[in-house]
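Letters A, B, C and D mark the chains as written, and numbering starts fresh at 1 in each.
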Amino acid sequence: MGDIAQLQEKSGLAKDTLKHDYLCVRAQTMKLIASLSAEDMMLQSMPDASPVKWHLAHTTWFFETFLLQPHLEGYKPYDKAYQYLFNSYYETVGERHPRPQRGLLSRPSLEEIVDYRQYVDDAMNLLLHAPSAEIETGVTIGLHHEMQHQELIQTDIKHALSLNPHALPLDPEGSMHSGNSERLKAAEFLHFKGGLSFAGTDAESSFAYDCEQPKHQVFVPEFSLCERLVTNKEWLDFMADDGYKRPKLWLSDGWAMAQQEGWQAPLYWHREDGQWLTITHQRRQPLDLNAPVCHISYYEADAFARWRGCRLPTEFEWEHAAKSEECRGHFLEQGYSLPQPATGKKGLKQMFGDAWEWTQSPFTPYPGFKTPEGALAEYNGKFMANQWVLRGGSCATAKQQMRSTYRNFCYAHQRWQFSSLRLAK
Amino acid sequence: MGDIAQLQEKSGLAKDTLKHDYLCVRAQTMKLIASLSAEDMMLQSMPDASPVKWHLAHTTWFFETFLLQPHLEGYKPYDKAYQYLFNSYYETVGERHPRPQRGLLSRPSLEEIVDYRQYVDDAMNLLLHAPSAEIETGVTIGLHHEMQHQELIQTDIKHALSLNPHALPLDPEGSMHSGNSERLKAAEFLHFKGGLSFAGTDAESSFAYDCEQPKHQVFVPEFSLCERLVTNKEWLDFMADDGYKRPKLWLSDGWAMAQQEGWQAPLYWHREDGQWLTITHQRRQPLDLNAPVCHISYYEADAFARWRGCRLPTEFEWEHAAKSEECRGHFLEQGYSLPQPATGKKGLKQMFGDAWEWTQSPFTPYPGFKTPEGALAEYNGKFMANQWVLRGGSCATAKQQMRSTYRNFCYAHQRWQFSSLRLAK
Amino acid sequence: MGDIAQLQEKSGLAKDTLKHDYLCVRAQTMKLIASLSAEDMMLQSMPDASPVKWHLAHTTWFFETFLLQPHLEGYKPYDKAYQYLFNSYYETVGERHPRPQRGLLSRPSLEEIVDYRQYVDDAMNLLLHAPSAEIETGVTIGLHHEMQHQELIQTDIKHALSLNPHALPLDPEGSMHSGNSERLKAAEFLHFKGGLSFAGTDAESSFAYDCEQPKHQVFVPEFSLCERLVTNKEWLDFMADDGYKRPKLWLSDGWAMAQQEGWQAPLYWHREDGQWLTITHQRRQPLDLNAPVCHISYYEADAFARWRGCRLPTEFEWEHAAKSEECRGHFLEQGYSLPQPATGKKGLKQMFGDAWEWTQSPFTPYPGFKTPEGALAEYNGKFMANQWVLRGGSCATAKQQMRSTYRNFCYAHQRWQFSSLRLAK
Amino acid sequence: MGDIAQLQEKSGLAKDTLKHDYLCVRAQTMKLIASLSAEDMMLQSMPDASPVKWHLAHTTWFFETFLLQPHLEGYKPYDKAYQYLFNSYYETVGERHPRPQRGLLSRPSLEEIVDYRQYVDDAMNLLLHAPSAEIETGVTIGLHHEMQHQELIQTDIKHALSLNPHALPLDPEGSMHSGNSERLKAAEFLHFKGGLSFAGTDAESSFAYDCEQPKHQVFVPEFSLCERLVTNKEWLDFMADDGYKRPKLWLSDGWAMAQQEGWQAPLYWHREDGQWLTITHQRRQPLDLNAPVCHISYYEADAFARWRGCRLPTEFEWEHAAKSEECRGHFLEQGYSLPQPATGKKGLKQMFGDAWEWTQSPFTPYPGFKTPEGALAEYNGKFMANQWVLRGGSCATAKQQMRSTYRNFCYAHQRWQFSSLRLAK
């Protein structure tokens, strides 16, 4: 963990803040599971997703493994088997339980995992009494890591419950709050001059992941960005115009995937009695036509853009435009379970929060990218192949986690994240 | 359900017995889950197996669907969705939840399912106050059906927990009760003259499934049967003689399967510190060398028999020999979680209970076989392809369920039932 | 090959006949390929099938490996690599080329394989000058083996060419010779008394495979057999009555397979311009409505029989009925590429030739079955699992190969053989 | 094909040259098949590859479909079925034969395909008598298209023959010509200053594909490139240092693929008698230690670079460096079947020819990328997902096809192209 010390010098976080942050983030996680049973938290509906109970344990294992064991004298691990059971993908740390079998862990029970969280929190409280700079940096990473899993808890349980026809009651009023009846007017494009620009960050004054670094120059040709995300209504137009049936609109791999999976609409959309519904993790409800389309793959986003005679933005165009915007929008803290319609004033809307935006940029290393030393070397670098960058965060993202340089990434076929698109040209 | 009336006339069960039986069988099921948590009862480790919670609900659904709805006036189903969720394979009854996704049913909760059982038991109590002959026959089938699922509850949870490295603690004394140290002496073969014989039953005086009927003549050439089941010690000899490595001992399909799955020993056997262990649904423990080998596929049983210069018995040889034996042995009621060593006197041992015996007979219809009318037409007939008959019951079988004409059946590759073998020649 | 000596004593074949037989059988094989190019003979359209070139080489390899190498002094193998390339499944003989990759053997060329056949035939001519009894028996097996592959050459090339839309021209008159316009009248059932009967043979006076032995007693209850095979017209009635859409008619495994494969009609049937066509290995042509249905799986045969309120015969019923019939019908020698309509007199028709008849008997060993010693131990015994017995031969079977005790076998889902059905009750 | 007219104005090719080019390129294709039989040309060893016969027909189909049918009055297609059989992936042109079944086309025969080529060449001769600008552009594309397939003919037949243990004789002297014994000295890195640079081309004065356009500015930070490709000797060092066994060297997807496929060395490498051999399409031969490593996946190239503390170049770095180099090296015309050792002077070597160089750049559209109109819209754009750019050409590439802006692309797991790597830092 030698790398943590280096990162810390840059971070300059006040100690009080950190202890407070720790309590808040850990409490937020527990808040997310309030409506779930121990049985719900067992569910693993696909290898991409994990049981909620596993997320609760894994985020705790992270603090135990990278903070308490190396730094808290006399610390005794809660249970040695957890080292194996709750390691996600750190090859350096040792063998681990196979990912597709996480749903078979009825034991340890939820009760034990809650107890494990408390045990680790108590020890962390001691450690945070007078933390070194290295510890502070490590804890900061652990908290950002936990916030990432907060989003996964929401997307994973939503996917799992979507497969149980008994789980989600119909709520005919579910989307009424947003003024469904009145249609948004056509969106405008905003022009950007481009030129030499800086992308990424050196993380000098605040936290950033390895993959956002270093700050570097890029040349961005002039471009235009749409002021808001594509809406459900616009997506229905695409469907009505046979968007899912015309191979010329699609990437070759995308068309093959769409045929294989039988895609006809975004994930979670289905018709009942002639009406399009979607779901939250708590109910089935009518589509809000003005809300951003959500739960689409890269392939669908790309086909839609081509259908509209547009394209997806590059991640550098997005970052160039976002840099001067304030980071505010509908985040986890606002409590929405779906992205909300754009409102208000002129200018860019929904750049942050609401839904992740697919970019046309594959997830690759920035020039000069360095993997941290130690176990965290495996954090992001080894995933830099075959995935695409998404930007901006969603209604399931903790606000504290978001910034204009943040790079999320998914495979082009994945749809269970809160993923949407903004047109560019 | 017109068929039930016909079956009933033959059955002649006293009404008192039936009400008593109902209570006992239903209570026995609940007794089996005493040590399991709601999370354990969610587990589905392969499509062949089902979650314990699903078994609890499905057996209850059987009474609700085939007894209460047609026969109890004013009966209101507990929850209409259960019709879909807990139908196993009855095409006639309607659509059903996909089998491999039974592990995704976190809802309804265990609590609700226990409540469902009580609700149905209460209604059955009313129905059994003055049951018609048709009802009596239907209930009898329902109870035998539930006893079959009692065995599946045990085999399915054992398989699921076997995949969780955290679930089963080591018990070094686990097999000590059976006098492990003293080796059984070599087994003797008993000779049978054969000739024209009767197999199956017309179910006139007691219950039997459709596939055991009708009673019919078969010609059985003379044969010999081994007095007891093959032991773990004998299986280790087979392994030591490269039994798993010599293709000439194996059926062609069996050899392909063994290579594909990497079979090197029976299911659940593994080595720790130079010692062979196996598992129960509660612990890991040393092999009892005198106990019957268990959890083997048909292919392994067949290869072992060939290695010994013997063969498996046909189901008619087995039935011919078993007819004159009393139906007693180690059944569910004795509480053993693994088959026990043969003991005692001369003559056939372990014909009933302890472990199912693979026969070389494929599961096919008897001459004159008729499927019952109504929904129960789907009970056994449609499975009469690609499966093999097993005879005699196991330590996980309710004693009341067993008789010399009983035909269990599995695919040749399946190993998670309590399956063993007896040599013939 | 010690077993061959034993078999020979029984065979009593005249030496003249054998040399003559050898020439005839080998020439018949070459006659089958007259219309095929070297490119056609490369085709392998599925793992179940092999390229024609491979069949030509493998049957030759059989004589080289089991006759010439052990028995002809000074014999030099044509090419050592052929030992590996053209072994089918004899584990005892050594490693072999993977079955699904037989279509990748562009080398050796067809020209070389034809040369190989000549080389071996020349050597066999020497060996057959004054053969020992053991050699005679071995050659007899080799010829029967080659006749089996003659049938496979026809079924495999038919399957391969069926997948090339360019290969088979339409012949609108293709089935006219059989008097298509006049419909066969409804078929009658013939009654058999049954009782104790003998099945199989001890192969004392003529050749028979291991799996037909030994002759043994079976008890056959009384039964009725349909006088002829089911026709294409009757199969169209089954289809019109939703035979492929009603799960209750099907075995559970069969229904799953039919859904997975999208079966709607027998293999090779397709509609063009509102007319049902089928194919031969040379053309597409209209269905002959009076001809036997062909290229159906066991599952389809079984479903059809259930739809008609009948069942398939057991192999012992079939053999009991066939024993007193003369072995004549449409065989390979008659030159038909599809089975022909039943004609003529009262009584059983089409018992031999035209098309194989699925029985409801799984392929299992007869009581007292013994595998031969040596390499031929692998001939039939190791396939005695998961397959069904077919009886009677087809229009692609050499007449000399057929007899009432002959047992062919296929997996229940296979359709590329000339398989049909006869009803029983 | 309206796009062709536009492209032509830029091309300015002399008419004489074109007719001459046509003859040369078509003749070169036929030269490649001189040593192959009709049976060899049937082989399809994986879905990624096609039979040589199919390549011969498809390249001809291209001229027939895009040139002769629209532009040569009175032209009659050779065979209408070819439209379906030999379309590769042009959805616009209509249905097509499934790619994985190209190996099943024994008909049309090779003889017919050769006749088809002649028929089309004769018609093209007429068309090229006085071609319009639009025709000239179309023919130019057709010739570049055919040159791409010349390389595929070589890589596909090599892969197919590699799977036939009988096809490739050992040649112990096979790599001797290159002075195997004397080791190349350690390679030097050359430094480039970087800065704003131009990439791509507007194809004003010579041919270029859509994906190379338009010319656009990029910012390239300073970098260093290795003077030559990585050698087989250096790759053996990587293997000796457990390069294939250390997950930390690998991308996550790459490690999974390497485990799944059991990669231990580059494709086609195998040990015989303690010596490492590789193959050409004609023989097995010892590795030339000084020659560039070849037939590696992106994942292996990336792992090697990480092991050496380096990285792969981006495509813009490569292009920046290559721009000032002359396009010369070992191409198809030189007749080598494997890349050759670097020789000679200071400075960049092997930038062109010998072996393709993996870059770390995913294959994505350049800013302002436009798909051509008409059928050729499908040429490159729809493959812009999940693939990586390779640069520089190989010993199987026609020289005329290569230039510094040329972008080849493959999936990261593919190894059957002549792919190698050059280190950057």
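We adopt the following convention: a contact is a pair of C-beta atoms (placed from the backbone, for glycine too) under 8 Å apart; a residue touches a chain by one contact, two chains touch by 3 or more.
Note that the structure is a prediction, hence the values are computed from the model and not measured.
Counted as hops between touching chains, the shortest connection from chain A to chain D is 1. Considering every other chain in turn, none proves to be in contact with both chain B and chain C. One simple way to say how far apart two chains are is to compare their mean CA positions; for chain C and chain D this gives 47 Å.
Centre-to-centre separation of chain A and chain C, using mean CA positions: 60 Å. Counting partners per residue, chain C has no residue that reaches two or more other chains.
Per the touch definition, chain B reaches chain A in the complex via residues 37-40, 42-43, 45, 81, 84-85, 97, 101, 103-110, 160-161, 163-167. Interface of chain A with chain D (complex): residues 89, 91-92, 196, 216-219, 221, 247-248, 250-255, 298-299, 302, 311, 360-362, 364-365, 367-368, 377-378, 382-386, 412.
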